[in-house]
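Let me begin by handing over the structure; questions about it come next.
Naming follows writing order (A, B and C), and every chain is counted from residue 1.
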Amino acid sequence: MIAHAEHDVAEVVPPLKAEARNLSFHYGSFQALKNINMPVYERKVTSLIGPSGCGKSTYLRCFNRMHDLYPGNRYDGTIEFHPDRTDLLSKAVDPIEVRMRISMVFQKPNPFPKSIYENVAYGLRVRGESARSVIDDKVEAALKGAALWGEVKDRLKELGANLSGGQQQRLCIARALATDPELLLFDEPTSALDPIATANIEELISELKERVTILIVTHNMQQAARISDYTAYMYLGEMIEFGVTDQIFIKPRRKETEDYITGRFG
Amino acid sequence: MSVPSDRLKKDHTRHIKERVIEAVLLLAACVSVFTTTAIVYILVKESWVFFQHVPLTDFLFDTQWTPLFDDAHYGIMVLLSGTITSSAVALLVAIPLGTVIAIYLSEFAPFSVREIAKPFLELLGGIPTIIYGYFALLFLTPLLQKIFPSLPGFNLLSAGIVMGIMIIPYVASLSEDAMRAVPMALREGSYAMGATRLQTSLRVVVPSAVSGIAAAYILGVSRAVGETMILAVAAGMQPNLTFNPTEPGATVTSFIVQVALGDLPHGSIGYQTIFAAGLTLMLLTLAFNLVGYYMRKKYREVY
Amino acid sequence: MNQQELQSLRALIASHKRWDFLFGVLGVLALMLGVMTFVALFADMTINGIGRINIDFLTSFPSRRAANAGILSAWVGSVLVMLVTACAAVPLGVAAGVYLEEYAPKNWFTDIIEINVTNLAGVPSIIYGLLALGLFVYTFGLGQSILTAGLTLALLILPVVIVATREAIRAIPQIIREGAYACGATTWQVVSDHIVPYSSAGILTGVIIGMARAIGETAPIITVGALTFIAFLPPAPFTGDPSAGLFDWLFAPFTVMPIQMFNWTSRPERAFLDNAAAAGFILVLMTLTMNGLAIWLRYRLRKNIKW
């Protein structure tokens, strides 16, 4: 079992934002996640890596209860969300409440067939916000936060789908930011993008961690090494190793992690 | 030297047989084109004779329709008013209910409800229209008369309502198809923002499927305009220039039935009126169908 | 997020979810309206008509006296018309569907056929009646006969059969075709040995749905000029004096179930309305059985299909 990451003596252990304990997950009779324990530290970037099918996306989608949308799924264990220590997976907790506090950016950009402005305003509208000035301000702030404002400020009425792939993904990030989430989930956000757009998004993620805790699934080990503070390696639904990114990449404690990272496997 | 084998030579009888079969199949496929051509030819040919007796301006602007009287008037407006009124009533029933059912089945209903409801709707859509006509005349009209005692026994209202119920499965099933074609990624994007089912349905799914839903409405209109028996049975067949659904009235379609039930000699002007009425109907539904066809094609291209 | 913010968030979600719930109720109500209509329709006809349904009703001709009237000529007429419709629509529709899927090159001509089939499916049935009146009755001189009615309905359901055939064929994976061609089969051999047999259940489903629609069609048959009062049956082959030919029944005057029902519905006397209810009851049973069979077939097909 993996305990909390070993920090260097000099380093202060950051406060917790969320913590998974004994988390298991079933799609029908198939167990996709096996007894996962992992902390998520506040205002840090945590990467989930592992070969495809290892359960990293499944794990990520537990945090905002996306699995509740489909029948036959079952969670066991808890994900405790700080500071209020709400158990995100509890039946008593409404998945909508969870999703209002935790935003998500998907693998493929999925802008709604609405204007750029309305795409970003969506989360606010869903929360019943109708004051034009409030929405205007938040949309602008979110677009600036997603480094998209300069490119789109004169074409806010255009369809989101008219933007390039990288811009669409930043639009989706702006959409996720507009509601001031406490935790931001990224599910392989650059896998559908070209290298330049990927670099932009990576830079953006590094800036965003000043404001928000980030959990990111990536299929690209270099990306994890570049942007994250902590890294978790998953394999076959199990958490093999979790630690400070440098430690995982430089001196992994587990043989399986080392094999994956050095490219001998996966 | 040995004679080269002819096993790989082209087999001519086989080749000819294949071509003959292909030609026969092509001919079968062309039957549909022949049908359309024949429809247009017959309607135009008979209407041509009609319009040599009746000026087009009379046909379009006269306010009376009395083709079988001595003092004959041929104002198609009278029949169109019946068609428009009954179709409007039908759509007021079918569009809201059909849309609600479509959203419910596509976004809300559990799998088991959907599995039962879809075939049930299909069965409802498969009931012969003469049955719906009987139902409108002998069940709904007496029921409505209990609420509005002044309602005549034949009226466009109950015919329209029943026609609407008949169209519901059609509108619901086409709209639902359009909503189901909206990719799951859009729904997930909305749910991930904390939206409820209703918010996701109304703000993301319906706007994304809008051209498909519009196509469903338009094809529903086309069904209503072309519907015959419900009106022939329950709306009376008296030509009546009115937009009041509580009155009796004739429609383009029920007029054709009325004339066909009588015994008009082939070639008389009365006989030709039904082709002129038919041509009007054909042009109306053709316009609706084409618009609906292109809208449906459009939403298929989006995803 | 502090406790106070959390409380207000929960209140907001609760109010949103009330709307969700209300819409769910609305959806069920809308569906129930359909169910209620169906129940009311069926119950009304059963209550009014059940007293008339017996063997005599099925074996009597229509009569001026409601109590003696029956639907013999109507159901025999319906069966014979359906026979003609099936004989015409099935081969034509399947052949057209096979051509469009397996032979047709992708060009403007096949595009026209495609748009045309879609468009024909939306043409009101009464227009087919006018076509039949102008073409079959007067141009071809087939008269107001079973043959005319059967061919009219065949044209009417042709789009249904073509679309069903194409969908069934499209569900067959390409590897099946390639496998057959790799054995040296000609296109026709691929079609007749593989494509048509494998898609037959899907085609059958479409044919049944089309026939269920045809059996209830009233307007085009009225336009063709079916009589409403027929007190005799079409001549059976080789009977009567002079002996009827094998195909004489095709040219006989006739009536069908929905027209008989329409005729009784337009009578003012209560007793005839009960006859209409009884005829309607039988007609609904016929169409429900056919549609139900088609839905069941499709369900079976979806479950059993393994490529």
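The rule we apply is simple: a residue touches a chain if its C-beta (ideal position, glycine included) is under 8 Å from a C-beta of that chain, and two chains touch if they have at least 3 such contacts.
Owing to the predicted nature of the structure, the values given are computational and were not obtained by experimental measurement.
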Query = Whose C-alpha centre lies nearest the centre of all protein C-alpha atoms?
reply = B
Highest-count interface - the chain pair sharing the most C-beta contacts = B-C
Note = Rounded to the nearest Å, the gap separating the Cα centres of chain A and chain C is 53
Ask   = Centre to centre, by mean C-alpha position, how many angstrom separate chain A and chain B?
value = 49
CA centroid of chain B to CA centroid of chain C, Å = 15
Note = Contacts with two or more other chains occur in chain C at residues 13, 16-17
Remark   = Residues in chain B with touches to at least two other chains are numbered 194, 196, 199
Inquiry  = At least two partner chains per residue is the criterion; list those residues in chain A.
reply    = 96-97, 100, 127
Key: Residues of chain C that touch chain A when the two form their complex   = 1-3, 6, 9-10, 12-13, 16-17
Ask   = For the complex, which residues does chain A have touching chain B?
value = 64, 66, 69, 71, 96-97, 99-100, 103-104, 106, 108, 110-114, 122-123, 125-127, 172, 175-176, 179
Ask   = Which positions of chain B touch chain C when the two form their complex?
value = 14, 17-18, 21-22, 24-26, 28-33, 35-36, 38-39, 42-43, 45-46, 97, 100-101, 103-105, 108-109, 117, 119-124, 126-135, 137-139, 165, 168-169, 194, 196-199, 201, 219, 222, 225-229, 232-233, 253, 256-257, 260-261, 266, 274-275, 278, 281-282, 285-286, 288-290, 292-293
Ask   = What residues on chain A touch chain C, complex-wise?
value = 83-84, 94, 96-97, 100-101, 127-128, 182
Key: Touching residues (chain side chain C, partner chain B) in the complex   = 13, 16-17, 19-20, 23-24, 26-28, 30-31, 33-35, 37-38, 40-41, 44-45, 48, 91-93, 95-96, 98-100, 103-104, 112-113, 115-120, 122-131, 133-135, 138, 155, 158-159, 162, 186-188, 209, 212-213, 215-219, 222-223, 225, 228, 258, 261-262, 265-266, 273, 276-277, 280, 283-284, 287-288, 290-292, 295, 299
